[in-house]
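So, here come the structures, one by one.
Paired with chain B in one complex and with chain C in the other, chain A is shared by the two complexes that follow.
The block that comes next holds the complex of A and B.
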């Protein structure tokens, strides 16, 4: 790690101002960013530490059914929060509980999880010069060892978005609030991820110095359920190879509304509205789930070493649906 | 914020910044208070500075850079070499210590971020001068032969301790969960769980 100046803000105002300085990054728990600084993939002159703002940014509150989650709530706190115990949040708690290890969950923050850098081993290694971030001429994973890479949604870079929480939060229709200088903005969580995820585009759409302060989960209709399932090579210490979060609203034995989001298969979390639409107005059944799973992966284009993601990913979609409609 | 090199940084002045600490003592007017809040934030580094860490109940002064991890501070600066540096990337659990009672990877935590936290390391569970004071969990690790090469053991002990403290009498599923952030290549998990169970039952040393 290169030496850096550590900025300790005492207020969000100070943090937001400090974060706009040149050659400056913000840091939450640091689980991702310290790793990247050790690899010298990031060598900032200044690091703005958000931890002093933890009290302010780690509240969870419910009002008229809308749940606001502070950006610095840890994955452990998320699982324990009394506002998030209902079935509408089952999949969110599960996504948090399968993340890494208990040690990671005890420190990792919600915003840090959403904003973590890709796990692509070419991008994350100082030794490789790939197209990502303009370091080299081509995406090395496209023709290299791409067993953990994208099967859909890519153009010139086949990285995947690794966050466990992203599919679950997106399926719940989450929004996020940011602070940049004096400006406070609230947008749909889907806007946090680039619409055209190219190698040159950053992983997220935040402006330099923009700080995420909270996530918001809209009030859910009665009998909303969130299912989450994933595949991974190891039961802990690992990132998912495929993931699926599915939100269903049930009434009279039928599904009246649905959202489906895939994780770890594309450069951004992949919402699948057409697949979700197949569920609406239907009674849950094995046959229906098979059709939805096929639709979720329709048009997928696997690379040389990751075709396994298609059958496994479809099974994961069905598992998430079964969990949600049980 | 500038600190005399020979003085520790208290939690308050460190985290809240000297500006805020000043308000409490001098009783500023509202206008002056607002001006204080608009002062630039305090900064540390990039060079070395002294911080105070609370480790196993004792305040310890230690010189670190901003980039020094808690693990390096413990091992290289404080000679607390129980926590092990194996992967240095959060991917093994060998460096597990308790921070405010929760197990964390000290290799991914900056030492300066530990100011104001209660830290516990495996060294806190035994006193070489008084073998009888050895924590029953450690005695049970020995009694159950819950280690082979022993490299993962300090981290494993700390995760086990937190499991016991939080759960009292943990179920097998809970033990498996709580040990899932500690890799053991020698495969000692079964015996580690035995050691946890014996400790939960109030049994000390001797099988």
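The block that comes next holds the complex of A and C.
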């Protein structure tokens, strides 16, 4: 690890100010960034550690049905929060519970999970000069071993977005608040991910010095359920090969509203409104779920070694739907 | 597995004198359950004169076989145990190796000057000469020492190395030497003609053919390879993460002299070792580099590999491709077994041999052939039962497929064909304990998402320890006048429990509490032991531990007999006392008779008894139940049971740990582990612990094992090694359980969801 200046802010103002300095990174739990610094994949001059602000940034509060989740709420807190115990949040808690290990969940934060760097094994090795970050001329995964890579939504870089909380939060219609210097902004969570996820674009749209401070879950209608399922090669400490979060609002045995978001299949979390629309006005059935699963993966463009993600991903959609409508 | 001190079996040169004959009882008592019986017999053995009298099936034990905790468990759990990695000295230098970025070519230029000139850098050495071949990504080029790892890395980046790169291949199946595979994954080359085999296959009641594959598994020791080296004039101390202290000592002494380093003596220290699994027999290029840097710097140097280096330069279990043809007669006996295998090796094209369970083939016409295939990667090294888990997976799955064709239960097929009498008892016991019949009878509902299945496989290992050849291994036992006892071995404890074995055997022999004994391992100033390979450490050393304690006890007994004025031959050490039935001293009081110098005895490892009825090795059996998610192809192993013959059980908890640990590693091998190479760059893609998937707690089944204690009449103790035997069966049993669950074999490890789903689709989910 190269030497760096370590900043321990005592207030959010101080952190926001420090973050605007050049060649500075902001760390929360440091689950991944410390590893990348050790390997010299990231060599910042300055590291702003947000942990001193944990008390301020790890509150969970509910007002008029809207739940605000501090950016530094840990995945364990998320699972235990009394405001998030209803069926509308089942899938969110489940997604948090599958992440990493209990130790990771005790430390890792909600915002950190959303802002994860790609797991692509070409991008994450200094030995490979790939297109990501402008290090080389082409995406090496596109023609290399891409078993864990994208099957949809890719253009010049086939990385997948690794966050498993993102599909669940997106399906719930979450928003996020950031602070950059003095400026405070609140936007739709979808805006956190690049609309054009090309190699030169980072995994998120935050500007230099911009810090996520909170997430907001809008009030959910009565009998809202959130289902979440994912496929994995290993249950302990691994990332999903495909994931799906689906939100349904039930009334009179029918689905009256639905959102469906896929994870681990594209460079950003993939919302599938057309597939979700198939659910609206229908009674849950296996036949319907199979149709929705097909629609969710319609037009998918798998690579040489990841076509397996299609049947598995469809099964995961079906599983998430079964869980939500059970 | 190759060990540094192979048992040649040759008698030591000495005049044959008639030996005392001792009758002992060997074998085992009836296993629990139906239709089991004692399998005991009396044999006569001739111990070497002066050896401790043999233990046998009738020996009453006080300490041996009890569930004493691992004696160094607390030190390990609290971080007090110092591994090579933990050694620190004033002015310690950190070191790093420059690794070749190409898989094949020639080193054409190497300029170390700029690195040498960097302020702070204390040593730079070349490890490859210009003009030498580069054989794989990670091949060592040069090494640097500096006060910090960061500075060492900066210096590494200043080394200029040029290469003449050649075309490489890191996938052995793409080699011109590899057989062709069909689209279905079958070896597509014609079998060589053989009239007998062809005739047997043609007339068989049931015949079958299949091709099986396994992938490269890395050893993944938690402590990486590495050393700390410190010169004091011409004496060299090396703290090494090794499984062969004496091997490393000899290797370094030779290599350093050849390199012109003035070294008169080398002492290796390995009191704690964070795993080896067969990869740590040699000092390796990293060990040599560490010593050369320490010599040049004239300061102590630490060089430990990082995780990527560990995955890519420190050996692996090679991949295997196996094709089998075989047949059954109308009685379910195997009549023909035609086997050919191919090992996917590193650049040296060796070490890929595959073993298969020959105990089933006693009545069969057998043909077997093997070919190692080279590719431009790090060479294979022995890994926990080299060649066995691969071959057992292929062979045992083939047998289950054959059994299914014949409408036979897999257990019935084993019972008809297994020539191991002991394992026939184990199969019956294990089937009852596991609930085999019930597990096999369970029907999966048509259309059910989760499918369950059960499988089994045999375990086998063939080595029982050695005495060290011309210079037999030994143990030092000391009894101090404060009543404390030392048992010392220069051999290493790689986590398998040698310290606990020393403690328990010494306590048993001296009739004292284990807490009085302090065991020390891993310093080459103490008597030698074998490299920890082939499951030989315990069986090689246990008899010497006993002998040392036995000799030490005789000296104490003499002091006590003299003190009490009782006949020498009536004095015993037992139950914390020394004396006769009538006159005794407590252990503490007896030890007060010892002067300033402790009693010291050197125990020797004598050759095994010639009679040795169980000399062929140990056997076991394992059972596994799985639950397969037919939607996603995910496999969860839900429970496993293993029964394992392990000679005399010395430390029960540690022995169980060995068996359960082998099963855990087997789950990992069956479901997760595989080295993934990038063909274009020749570089490993998953060289860390996140992408190289090792089973975790959530992936583990409920584990159960039964230690089958057998008095084997092998030597004065009758211990058998346990590292390797149980690791032969686990992946095979899991593979068979998946076959049972989904009705189609998945013939390629690891059983990842993509492969399982493909097999399911092929089987079209036909309910069984």
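Descriptive notes on the structure:
In this section, the second predicted complex is superposed on the first by the 326 of 326 C-alpha atoms of A that agree within 3 Å, B and C clash if a C-alpha of one lies under 4 Å from a C-alpha of the other, contacts with A are read in each partner's own complex, and residues count from 1 in each chain.
The rule we apply is simple: a contact is a pair of C-beta atoms (placed from the backbone, for glycine too) under 8 Å apart; a residue touches a chain by one contact, two chains touch by 3 or more.
All figures in this text were calculated on a predicted structure; none of them were measured in a lab.
Once the two complexes are overlaid through chain A, chain B and chain C clash, as defined at the top of the document. Judged by the touch definition given at the top, the superposed model places A:312 against chain C, while chain B stays out of reach. Of the two partner chains placed by superposition, only chain C is touched by A:241; chain B is not. In the superposition on chain A, A:232 contacts chain C only, with no contact to chain B. Within the superposed three-chain model, A:140 lies in touch with chain C and out of touch with chain B [touch as defined at top]. Of the two partner chains placed by superposition, A:253 touches none, neither chain B nor chain C.
When the two complexes are overlaid on their common chain A, residue A:22 makes contact with neither chain B nor chain C.
Touch criterion met: A:5 reaches chain B, while chain C stays clear of it.
In the superposition on chain A, A:128 makes contact with chain C only, not with chain B. Of the two partner chains placed around the shared chain by superposition, chain B and chain C are both touched by A:101. Common to the chain B and chain C contact sets on chain A are residues 1-3, 101, 235-237. Within the complex formed with chain A, the chain C residues making contact are 101, 150, 153, 631-634, 636, 671-672, 676, 678-681, 683, 685-686, 690-691, 693, 695-699, 752-754, 757-758, 761.
Of all residues in chain A, only 1-11, 13-15, 18, 29-31, 34-35, 37-38, 46-49, 51-52, 76, 100-104, 106-107, 235-237 touch chain B in the complex they form. Chain A contributes residues 1-3, 40, 101, 119, 121-122, 125, 127-128, 140, 143-145, 147, 231-238, 241, 308, 311-312, 315-316, 318-319 to its touches with chain C in the complex. Note for the complex: chain B touches chain A at residues 1, 14-17, 19-20, 37-38, 40-47, 65-67, 69, 88-93, 96, 99, 102-105, 108-110, 112-113, 159, 177-178, 180-181, 183.
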